[in-house]
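Each of the next two complexes has subunit A plus one more chain, namely subunit B in the first and subunit C in the second.
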Partner chain A sequence: MITAILTMVFSWCLFSGQLPDSLLVPLCVLLGVLIAFVSRYGHSQSLSVDVLAQMSRLRTVNPMLKFWILFILMIVCIASANVYTGLFLLVAMLVMAVFVGGLPLSRYIRVLALPVSFLMIGGLALLFEISPSSMGVLNIPVPVFGFWLSVSAETQARTALVVAHALGAVSCLCLISLSTPMPDIISVLRRMRCPSVVIDLMYLIYRYIFILLTLHREMRVAAQSRLGFRSYRTSLRATGMIYSNLLARSYQFASKNYDAMESRCCDTGIRFLERPNRISLTHAMVAAALLAAALVLCFLPL
Partner chain B sequence: MSELLRVEHISYRYDDVYTALKDVSVSFMKGELVAILGSNGAGKSTFFLCCNGVLRPHEGRIFYQGQEISKSRKHNLMLRQGVGLVFQDPDSQIIAGNVESEVSFGPMNLRLPADEVGRRVDKALAQMSIERYRDYAPQYLSGGEKKRVSIADILAMQPAMILLDEPTASLDPQNSDALEGVLSELNREGITIVISTHDVDFAYRIAQRVIVFAQGEIIANAAADEVFASDEMLKRAGLKKPLLYEAFESLQQRFGNLESERKPRSIEEFRTLLENARPAF
Partner chain C sequence: MRNRVKRLASRLSAFEQSLTFSRSEKVVLAISLAFTVCFAMPATAQAMHIMEGFLPPEYCIAWGAICVPFLVLGVIRIKRLIANTSRHTLILLAMAGAFIFVISSLKIPSVTGSCSHMTGTGLGAILFGPTPVSVLGIIVLIFQATLLAHGGLTTLGANCFSMAIAGPIIAWLLYKGALALRINRSVAIFIAVMLGDLFTYCVTSVQLALAYPSDVGGVVASAVKFLGVFAPTQVPLAVVEGLLTVLIIIGMQSFASKELKEISFGEKKAGVA
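Presenting the complex of A and B:
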C-alpha cells in the first residue's frame, strides 16, 4: 500500500509539467492502483526468492552465461547517458522472468517492489531542491524561512536518468536472483577464483539458513501453543528463550554436521561435482541480442 | 564368509567423564545384515562413530579387512571409505544446495575424476530411485526423500559396509517398508549392512544376527531367535520381545507343537504357518 502511494506521488512529481494534467492524474492513479492490486497479498516471505529461483524455467541455462551477460548489461545500463537503456532492461528482464522463466507476474513485481520503493524515496529527495523563488514546475512554500522546495525540469531530467539507471540495474539483479539458485551462483564465484574459505562458508550458510529457519519456526509454534505470546511480557520472555535455544541447537547441529562431513572423508574443503548445462546456441543468441539492443540504445543520440 | 570389520576391546568416554562404550568387542562378516538394539543412550551411535573412524576410541583396536587401523591419515581414509555411516537425522548430514551435489560430496572427497564421480552419483540416485529429485534443494524434500538422499550419499562412496543409525526413526510406515526393501536389496548385492534401532519388530524381520547394547556394553550377540529367547537380558537392555515372536510363543504354548522349521519373522511367514498348521485341538 505504501509502495502504491509512493508510486503515485513520485510519478506525479516526475512528470508534472511534462504531461498535461488531464493525462497525468489518471496515469498516476492507474500506476498506484496497479501496484496496490498486484501486491495485495502483502506477505511476501523473505525466502520466496529461493522458491522462485528453483521454479524458474531459466534455471537450466548455464549459470556462467547468465551471470556474465547480466553483469555486462548492468554496466552498460549504468554507463548509458539516456533513460531508454534502463527502461529497456526493466521491460526486457520482466519479459525474461515472467514469459520465458514462467514466474507469475505478481510475484515478480512484488520482489521488485521493495528495491523500487527505496529508489523512489531517494528519487523524491533528488527531485526537490531549495530555490529562492517559485520558478519550478512544482513549488512547495516553506513558510517560516521564505523559500520554496521546488521541482524544476532540470531536476526532473536528472532524477529520471538516475532512476532509469537504477531500475535497469536492479532488474538485472532481480533476474539473476530469480532464475539462479544460490548454489549455482556460488559455483560461478568458485570458478572466478573466489577464495575457497569464502565459498565453503557460502555453501554452509545457505544450507543453514533453512535448517535454522525451520528450527526457529518449530520452536515458535511450540511456544505459541503453550500461550507463550499471550502478553507483551511473556512474548519477550519466549522470544529470548527461543533465541538462546536456537544458539545452543545450532552449536549441536554444527558439531553433528562436522562429524558427518568427516565421516565422508572431507579433509580440505567442500567440493561438489558441477555439471552445468552447455551454453546452447539459442541461449547465446538471446544473450547477444539483449546485449546488442542495450548497446544500441546506449549509444543512440536520443 | 570373510571378516570385514573387527573391533577389539574398544572404550570411549565423552569429556573423560561419561563412559559411552565399555570394552566392546565384535566382528562383522562380509555380506551380513546385522541389527544393533539398545535403548536410548546405550552407546549405539558412539559405536558407529568409532567404527567409521570419526571418533577414535580411547582404548582398543579396530581392524578393517584384517588390517589394523593406525592413527595415520591413510588408514583413517580407508576406514571411512570402506565403512559408510548414515546419520540418524538427514539434516545433519546434508550440506549441499541440491541433491546431485550432495551425493557427489563423498566421491569428490575421494579425489576421483569427475566422470567417475558423475557415474557414481547417477548410480546411487538410481539405486535409491531419487533421480527425479536430482535438481531439488534439500529444504524442499520430505523426510522420507531426505533419508533416501542421505543413503545415496553413502552409496556413492561404494563402501563395503554401511552403518545406519536409526534409519526408521522418523519415517512413516510406507517409507519404512520401502527402506526395508532397499536395505535387503543392497544386502543381496553383497554390502554388509548394520542397522541400529530400537524397533525390535523391524530388527526381527530383517536381521540375521542381533547385537544388544546396554549401558555401553554388548550384552548379547547371536542369531535373532536366540537373542529374543532371553527374557532377563531383554529386560536389562530395556527392550521388549518382537510381537510376532511372542505371538508364536503363545500359539505354541496353547496348541503344542506347531510344525515350522523356523519361527516366523514376517506376517506373511506367520500366515503361511497358520495355514499349514494342524494343531491338536
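Presenting the complex of A and C:
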C-alpha cells in the first residue's frame, strides 16, 4: 500500500511540468492502483528468494555464465547515458524470470517491490533541491527558514536517468538471485580464486543465518502458542525472552554443527559437490543477444 | 470439578512463577522495550545501503579500489587468528557475520520500503578488530544483495567502505580510547558502537552527495540533505544498536567465555562487564 502511494507521488513529481495535468493525474493514479493490486496478498517470508531460486528453471544454466553476463549487463546499464537501457533490462529480466524461469508474475513483482520503493524514496531526495527562490517546476516553501524545496527540469532529467539505471541493474540482480542458489554463487567466487578462508566463512555464515532465523521462528511460535503475544505487555515480555535466548541457543547449535563437521574429518576448506552444468549453445546465444541489445541501446544517441 | 479447577489454578500459578524475572532478564526486557518503541515509529528513511545502480560507474570503481587493501589485510588477519587459536574462533567469526546479516536486515515492523537499519558491525569490530570485520562485512553485503535485493553488486565497494570499514574503524578506535581512559567497559562498548553506526550513516550520506552534488550548494548542501533524510530513524537505531551490543557481549561472556579469552577479549580487567 505504501509502495503504491509512493509510486503515485513519485511519478507525479517526476513528470510534472512535462505532461499536461489532465494526462498526468490519471496516469499516476493508474500506476498506484496497479501496484496496490499486484502486491495485495502474500506474506513475504524472509529469504523466500532462496527457495524461489531452487525452483527456477534457469537454475541449471551454468552459474559462471549467468553471473558474469548479468554483472556485465549491470555495468553496461549504469554506464549508459540514456534511460532506454535500464527500461529494456527491466522488461528483459522480467521476461527471463517469469516466462523462461517459470516464476509467477506476482512473486516476481513482490521481490522487486522492496528495492523499488527504497529507490523511490531515494529518488525523491534527489528530485528536491534546496533553492533560495521558487524557480522550479514544483515548489514547496519551507516557512521558517525562508527557502524552497523545488524540483527543476534538470533534477527531473537526472533523477529519471538514475532511476532507470537502478531499475535495470536491480532487475539483473533479482534475476541472479532468483535463478542462482547461494552455493552456486559461492562456487563462482571460489573459481575466481577467492581465498579459501573467505569461502569457508561464506558457507558457515550462510548456514548460521538460517540457524538464527529458524531458531527465532521456532521460539516465536512457541511463545505464540503459549499466548505470549496476547497483549502488549506479554508480547514485550516474550520478545525479551526470545532475544535473550536466541544468541546463546544458536551459538550452541553452531558449535554442534562444527563438531559434526570435525568428526567427519573436515580440517581444511569446506567443499561441496557441484553439478557440472555445461554452457549450451542456446544459453550462450541468448546471453550474447541480451548483451548486444543492451550495448546497442547504450550507445543510442539521445 | 472443583479438583480440576484447583489443579488448573496451581498450574497457572506455577506458570506465572516461571515468568518472574531476574535482574538481567529485566534489563533485557527494558532494552526490548526501547527496541519496540524505536521500530514501531513510522520510519520514513531510505535503507542505509546504497542500492544497486544508484552510483555512477566511476564512483563504484573508486570506492571498490579503496576497499581492496582493507580486505586484503582482513584476510591476512583472519588467517593468523585462525592459525593461532582453536577452531572456535572460526565459529565466532561466522556467528558475528550471521549477526551482522540478521541485524542489518531486520525490518520490524515490516512497513514496506520504509526502514533504516542497524549495521551490526560494531560487535565484530570490538571482538576482532576492524580489518577482519571488513571481510565479514563484504560477505554479508554480497548475501544481502543476492538474497534480499538489499544493497547491490555494483555498489558493493561503496557500501563496504561505509558499513564494514569506516564504521568499524571508528568504533574500534573509540573502544580502545575509552578503555585507555579507564571508562567502564559496557559504557565504552555502548559509545563505540553507537558512534560507529552514526559514522557509517554519515559516510553513506557523503558518498551519495559526492555522486550527486546539489546544483546550488554543491557537495556540502547535498550531504546535509541526505543526512536529513536518514537522521530521524538512524539516530534512535544507533542507540538501540549500542545497547543491544552491550547486552550481547555480556551474554557472550557467560556462554562463550573460553572462546572470548582465546581471541584475547577482556583480558585487562576493567569495569563490570
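Simple rule for what comes next: the second predicted complex is superposed on the first by the 281 of 302 C-alpha atoms of A that agree within 3 Å, B and C clash if a C-alpha of one lies under 4 Å from a C-alpha of the other, contacts with A are read in each partner's own complex, and residues count from 1 in each chain.
FYI, a contact is a pair of C-beta atoms (placed from the backbone, for glycine too) under 8 Å apart; a residue touches a chain by one contact, two chains touch by 3 or more.
Quick caveat: nothing in here was measured; it's all calculated off a predicted structure.
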Quick check on the superposed pair: does A:I270 touch subunit B, subunit C, both, or neither? Answer first, second, both or neither. first
Where does A:I121 make contact in the superposed view: on subunit B (first), on subunit C (second), on both, or on neither? second
In the overlaid three-chain picture, which partner chain does A:K256 touch, first (subunit B) or second (subunit C), both, or neither? first
Looking at A:Y206, would you say it contacts subunit B, subunit C, both, or neither? Reply first, second, both or neither. both
Partner chain in contact with A:V111 - subunit B first, subunit C second, else both or neither: second
After the superposition on A, what does A:E154 contact: first (subunit B), second (subunit C), both or neither? second
Using the superposition on chain A described above, determine whether A:M182 touches subunit B (first), subunit C (second), both, or neither. both
Once the structures are superposed on A, label A:D50 by its partner contacts, choosing first (subunit B), second (subunit C), both or neither. both
As a test of reading the superposition: which chain, subunit B or subunit C, is in touch with more residues of subunit A? C
Hey, what residues of subunit A end up touching subunit B and subunit C alike? 50, 182, 204, 206-207, 211, 262
Spell out the part of subunit C that touches subunit A in their complex, as residue ranges. 19, 24-25, 28-29, 31-33, 35-36, 44-47, 51-57, 60, 75, 78-79, 82, 87-88, 90-91, 93-95, 97-99, 101-102, 105, 110-114, 135-136, 139-140, 142-143, 145-150, 152-154, 212, 214-217, 221, 225-226, 229, 247-248, 251-252, 254-256
Would you tell me which residues of subunit A are touching subunit C in their complex? 1-3, 6, 39, 44, 46-47, 49-50, 71, 74-75, 77-79, 86, 111-122, 125-126, 128-132, 152, 154-155, 158, 162, 165-170, 172-174, 176-177, 180, 182, 185, 195, 197-198, 200-202, 204-209, 211-213, 236-237, 239-241, 243-244, 247-248, 250-252, 254-255, 258, 262
Subunit B contact footprint on subunit A (complex, rising order): 50-51, 54, 59, 181-183, 186, 203-204, 206-207, 210-211, 214, 253, 256-257, 259-267, 270-275
Could you please specify the touching residues of subunit B with respect to subunit A in the complex? 49, 52-54, 73, 77, 80-81, 84-85, 87, 89, 91-98, 100-102, 104-110, 114, 117-118, 121, 135-140, 153-154, 157
